[in-house]
Structures are given as structure tokens and as C-alpha cells.
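Across the two complexes that follow, chain A remains constant while its partner is chain B and subsequently chain C.
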Partner chain A sequence: MAGTALRGGLTWVVATVSSVIEETPSARTLELDVPGWPGHLAGQHVDIRLTSEDGYRAERAYSIASAPGEAPAITVERLDNGEVSPYLTEEVRKGDAFEVRGPIGGYFVWRPEDGGPLFLAAGGSGVVPMRSILRHRRRSGSPVKARLLLSARTLEDVIYRAELEGPDVVHTLTRERPPGWSGYARRVDLDLLREVAWPAIENPLAYVCGPTPFVEVVAAGLVALGYALQRVRTERFGGA
Partner chain B sequence: MNLFTRGFRGPKQDASADPARVPPGQHVAHDFPVLSAGPTPHVALDRWSFTIEKGGPVRTWTWAELRALPSEPITVDIHCVTRWSKLDTKWEGVSLDTLLKDVDSGPSYVLAFCDGGYTTNLPRADVTGGKAWIVHTYEGQPLDPEHGGPARLLVPHLYFWKSAKWVRGLRLLDADEPGFWEGYGYHMYGDPWREQRYAGD
Partner chain C sequence: MYALDGNAIGGMLEELFGRDMTAAVGCCAGCGARGPLAECMVYRGGPGVVVRCRVCQTLLMAFVRVREIVCIDLGGLSEWEPAPAA
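Moving on, here comes the complex of A and B:
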């Protein structure tokens, strides 16, 4: 697979928040107006840099939530002890500006020619790059089938729930279930993967994103079920 | 640039962290985040080996042979390109000076190769002279597979993607060639103090 993006270096440019969408009680999407945005691939990320009035800077990387061809957007989940995410989920409003550079990353990406079948597994805000991939698949008219496994603490923590809902979306709720819940109600394990992941015989292409323990279990599980090591792409996020 | 972000107030950093030890754009993490491009590989120690290659294999050590070499304790700060730094991490491992001692000193670059197919490139001068180790122990315990066990490269003065997990050997090269992340646009050298995150930085 060829490398991508980043040729010739990246520079910081000013992004203006063009809209703020509340996704869940702790997550929101910021749509960004970035003059000269070169376009991105599904699954890439962007660096953002905040600068306080006294010159203090903080940088973080966020997955891009929008599809290629759309304006860049990020979805941020608040970490209570975070330094950047509380600002982005509580304080920021339409018209505010900060610096961004990107898009970045060439491995955890999906292009229509990469094919499938796609098995996407997301823990919590790990769903962000999956939305970009699924939107891109739809917008590009790709015929590959895709199944999405979403693990969240509660139903109201599921980001983009209305957009993603469909026959090939499987939820598991690890902490709390609404009355009458008939879906999965536990952390992902091998048995659950055996039931929901495309069979290895179909040579699926898997993308797994979420907190480290989730990614470890899913990636190891898919390999145990016969997925080729090189067909399981992962992106992990730590607590920082 | 004069831009500041309305309403953003920093720092909420750990005040106990010495700012002189935290490179630009980094913040101090207290956990140990894991970043890998694919599933964690597992290899049995009796099938593990570490090989120096130049064209073909030049020298190979089994796990037992590697562990019989002198190991030293190492306490260092590490810096991940995803912006966390971790201070005073404690490792034990074999200096690459020991492993490269009797090996052809001509080639100026090395490419570390790993279980799972990962590679990363380094100048030979950056893995010799007491600057790099093959580590097998972290905080007094055998290195966890998630963090690269049974053994990983440790090159703490460069961004941590250069400290390849699950390392199985070094290929000696006359010319620098990009490894896995470098092929996707990450910096060929990766000095955190010069913020060499991506090509062109």
C-alpha cells in the first residue's frame, strides 16, 4: 500500500468552528472551516493546537469525523481530567478559532479500492473514524458490505447513533441497559466476535479503534478467528 | 502567530513535572498508553531470536543467549509522537553496543524489524554509544506483550515509535530507508526536542 499525504510537510493553519453538534452528554462534534484544506482520507486524523492568552500551548490529535469531500470535523469526548477535551466539549462555540494541521496518517485509512468486506469495531469514541469510513463507503457507492460493532457504556453514550443505526450495526452496552434491551450486554469477548464478525473465510478487512483493552481483545480475537494479521488495522487511545 | 483560543486556559499540567524535561507539544502522562498499528503478536521464548543482518544473517542470539549477556538498568524519559511523555521510566536491557560490537562497522544505518512486520529506521550512530538497548524488563517485571514484550528496542532520545516493539533484529544498511511509519510520512529521524513529527518538520 502506498504512503499518503504529508509529502512536503505540514503547516499550522487557523480553523474556525463553523458549527457545534451535541452528540451525547459528553461528546460533541465541531465542524471546522479550514481555508485551503487539501481534503482527507477516511480514517485520517488532524492535529489541533490551542493557545491560551498567556501563550501556553496544548496539542492533541483527533480522528476526522467527516467523509472525504466534506469539510473537516472532529468529535471530542470529554475526559474529566483532560486539559483539552473539557475546553472542546464545554467551552468552545461557533466562531472560535484554533490552529490545525493535517490531514495525517496513511495506515488506518480506507479507500474504496481497499475493498472488504469491512468489519469495523469501535469502543466509545473509537467510532469517530468509523463514521468517516462508513460515510465514504456510502457516498462513493462502494459495493462492499460493512458491519459495525459498537461497544459503549450506555445507549446514550453511543455517538452518531441515529446516523449509524441499521441492520449491520451491533451494539454491546457494558454498564447499563435500557429496559427491555435485547442486544449484547457485556464487554466484547471471543464468543461475541465469533457471532458478529464476518467469517475469516471471506478474508475481511478489519478496523479496530478504541481504548487499549478493547483494541487488544478485539484484535487478538479476530486473529484467533483466523483473520490475517495484516488485515487487522488498529488505532488505540490512551488516557492522556 | 498571534492567534489565541478564546476561553482556553492552560496549563492544567502536573505541576510536579519539570518543564525542562518535557519537549515542545508534549504533556506528561501517568499511565502508559499503547499504540500499535495491528494486533499484538505473541511468540514463544524458545522460538524467539534476535538477528543482526547484512544481506543475510550475520549474528543471531536465542532468548537464552540474549539474557545471558550483561543487562543494565536504564531510567529515562520517553516521548511519544502522539504527544504524551512519561518521565523516569525504568527498564532493564542489553546495550546495543554489546550486540553490535563485533559487527561490520561500515553501514551507517539500521532498520529494526519486528514480529508483526513493523520496521523503523535509525542512524547507526543513534543506537550506539550508550544510547539504545534491547529491553526485556519494565518496572521490574518482564515486558508485557502490549508494550512490546518479550523484547523491544529502547531509543529514548527519539520519538517512541523508533523504540520498536517485538523487535527481532537489526538490518544494517548503507543508505537510510524508511520504516513503517516513516513510509506513511512520519519523520525519518524523529527528534522530540526539534518536534520532528512528520516529514518536513
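Moving on, here comes the complex of A and C:
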């Protein structure tokens, strides 16, 4: 093993929460004022570092929820046994500050010149980078068509539901459905993907984000349906 | 513990290498599979970070931070092409 310490261009800066938006009973969006923010690409994330009074530090990565050209924002879903998310979803207030570095990532990003058609599949808070991509598509006037598959436990858990609602948004609710629900009511599987994903013949560009088991099923399913492996971009997240 | 992927360590990699590495393409010394680091399996529950090949599970990279020194083992990569300039 070679030991070394190198210094890159990525540095921690203190970000201030400029607004707090409640999205669902367990998720909220924090708009951030980050000094010297260089701008970001759709799909990128930031690292957030919290330091407790005794010096203990915890770091987490959060996808950027806003489009390029907008102020950076993150949407955080509370995990009951989490170390960082309870603070960000319950305690933090407008004007509070914490350390941020970013934007980060050059793989799970979409630029208008990447084209489409876009097939976006999100499990739970995996919808966060998809909002950035869809907003960017709209703001940039991109002509590519886009379809969004959203898997959530209940309708109440669907983040940005009002903003994203439209003919090319497909919901599946895995735990509980409202009365009269006519959408899908199961975990995503190959048959569901066959019904909702753009046909492979159109050479779609897919972005898949969510908990690891969700991403594995969707990515493998899309490849089984004929999607080119290098056109299925994935991002997995875990707990805490 | 579920594996994460290379996106999750994008910040650490950029801190260490000075540029985005999630889109960099690596070649597994075990099975020859080639792909972006973002698609590798990442385990960060232990004292360091372990990166494995998604195809054959070969240990591609390991990172351990001791105070301000980071030990980097890239022994499982036979080739590594930097990402195209952003």
C-alpha cells in the first residue's frame, strides 16, 4: 500500500439553509446558500458533514434536487435509525449551517446533449436526482421525451407528487393504496418494466436511482429488455 | 449490508485524485470486466472503503484513512482510464 495525502479542488464550505419545504410527512427539501457555488449538473450530489459538540463527524451524500442554474437544494427522507437524516428532517431550521462539498459526480448526470428518450426509474427518494433532470430538460427546452417510473410505499410517500404529475409518470405503490387506486400495486418487476419502459428499439437512455435492491432489479430488467448496458446509468443508496 | 456503488464515494475520490473519478473506466484484474467506477460495488461499513468488481467480486480498490493519511490500494485494477474531461 502506498500512503499519500493529496489535496483536490473539492473543499468543505459552510452552507446556510435558506428555506425549508415540507414534501411528505417524512421528507423535506432544504434550499442551501453555498458560498462560491460553481453551479451543478443534473444528477450530481453533494456530501454533507455534520460535526457534533464532541467532535464526532458523520458524512452523507445527498442528490441535488434543483436544476442547473437554480440554487442548490437537497431533499432528505428521514430514516428512523439514521444518524444524519433525523437532524436534517426534524431539527434543522432556516438560517442553520453545516458543511457541504460539491457538486460531485460525472457519471450519473444528464446534459441536454445526452439526448434520450429518457426512461427514469426511482425508488423512494431516488426521485430526487430525477427532479433535477426533468426540470433541466424543461428549462433547457430539450425536445427528448421522458417517462418517469416512481416506486413508493404509499401515495403519501411520493416526493414532489404535484410537480411531477403528468401523463408520462407511472406510479407503483408497494405497501398501501388509496381506495380506487388504478396504478400499479407491486414492487417493480420485469413485466412491469416491459409495460412502462420505452421499447429498446428506440435506444433509450435510462437513469435508475433508489435503494440497492430496487436498482438491481430495474437495471437487470432493462438490460434483459434489450437496453444497452452503457445506457443504463445507476445510483444506489443505503440507509442512515 | 447492501453494497452501495461508486457514486457514493465520488466526493472521497475527487478529494484524493483531484477530479471526478466516477466516470473513469477501470478494468478488473480478476475477470477483465471493464466499466465506470460508478458501477462498482462499494462497501463502507468497515474501517475503510472497499470497492469490488460487480461481475466477479474481485477486490479492486481499498481506502483506509488514518488521521490525515489515506492509504490507497489499487491492486485489483489492471487498467484505469481517466474520465473524459467534463
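Everything that follows uses one rule, which is that the second predicted complex is superposed on the first by the 231 of 240 C-alpha atoms of A that agree within 3 Å, B and C clash if a C-alpha of one lies under 4 Å from a C-alpha of the other, contacts with A are read in each partner's own complex, and residues count from 1 in each chain.
As a working rule, a residue touches a chain if its C-beta (ideal position, glycine included) is under 8 Å from a C-beta of that chain, and two chains touch if they have at least 3 such contacts.
These numbers were taken from a predicted model, which means no experiment stands behind them.
Enquirer: Look at A:Ala220 in the shared chain and tell me whether it touches chain B only, chain C only, both, or neither; answer first, second, both or neither.
Expert: Only chain B is touched by A:Ala220; chain C is not.
Enquirer: In the superposed arrangement, which partner chain does A:Ser182 touch: chain B (first), chain C (second), both, or neither?
Expert: Touch partners of A:Ser182: none, neither chain B nor chain C.
Enquirer: With both complexes superposed on chain A, which partner does A:Glu83 reach: first (chain B), second (chain C), both or neither?
Expert: A:Glu83 sits against chain B, while chain C stays out of touch.
Enquirer: Please indicate which partner A:Glu53 is in contact with in the superposed arrangement: first for chain B, second for chain C, both, or neither.
Expert: first
Enquirer: Just checking: does A:Asp96 make contact with chain B only, chain C only, both, or neither of them? Give me first, second, both or neither.
Expert: first
Enquirer: Look at the residues of chain A and decide whether chain B or chain C touches more of them.
Expert: B
Enquirer: Of the partners chain B and chain C, which touch A:Ala61 in the superposed model: first, second, both, neither?
Expert: Both partners, chain B and chain C.
Enquirer: In the superposed view, which residues of chain A touch chain B and also chain C?
Expert: In chain A, positions 3-10, 59, 61, 104-108, 212, 215, 233-234, 236-238 sit in both the chain B and chain C interfaces.
Enquirer: Sort out for me which residues of chain C touch chain A in the complex.
Expert: Per the stated touch rule, the residues are 1-8, 10-11, 14-20, 22-23, 36-39, 68-73, 83, 86.
Enquirer: Quick one: which bits of chain B touch chain A in the complex? Just the residue numbers, please.
Expert: Checking each residue of chain B against chain A gives 1, 3-13, 25, 27, 29, 31-41, 82-84, 116-117, 146, 180-181, 183-186, 198-201.
Enquirer: Under the stated contact criterion, what part of chain A meets chain C in this complex?
Expert: Interface residues on chain A, with respect to chain C: 1-10, 45-47, 59, 61, 101-102, 104-108, 211-213, 215, 233-238.
Enquirer: Considering the complex alone, what residue numbers of chain A touch chain B?
Expert: Residues 3-10, 12, 14, 49-53, 55-61, 83, 87, 91-92, 96-99, 104-108, 212, 215-216, 219-220, 222-223, 229-230, 232-234, 236-240 of chain A touch chain B in their complex.
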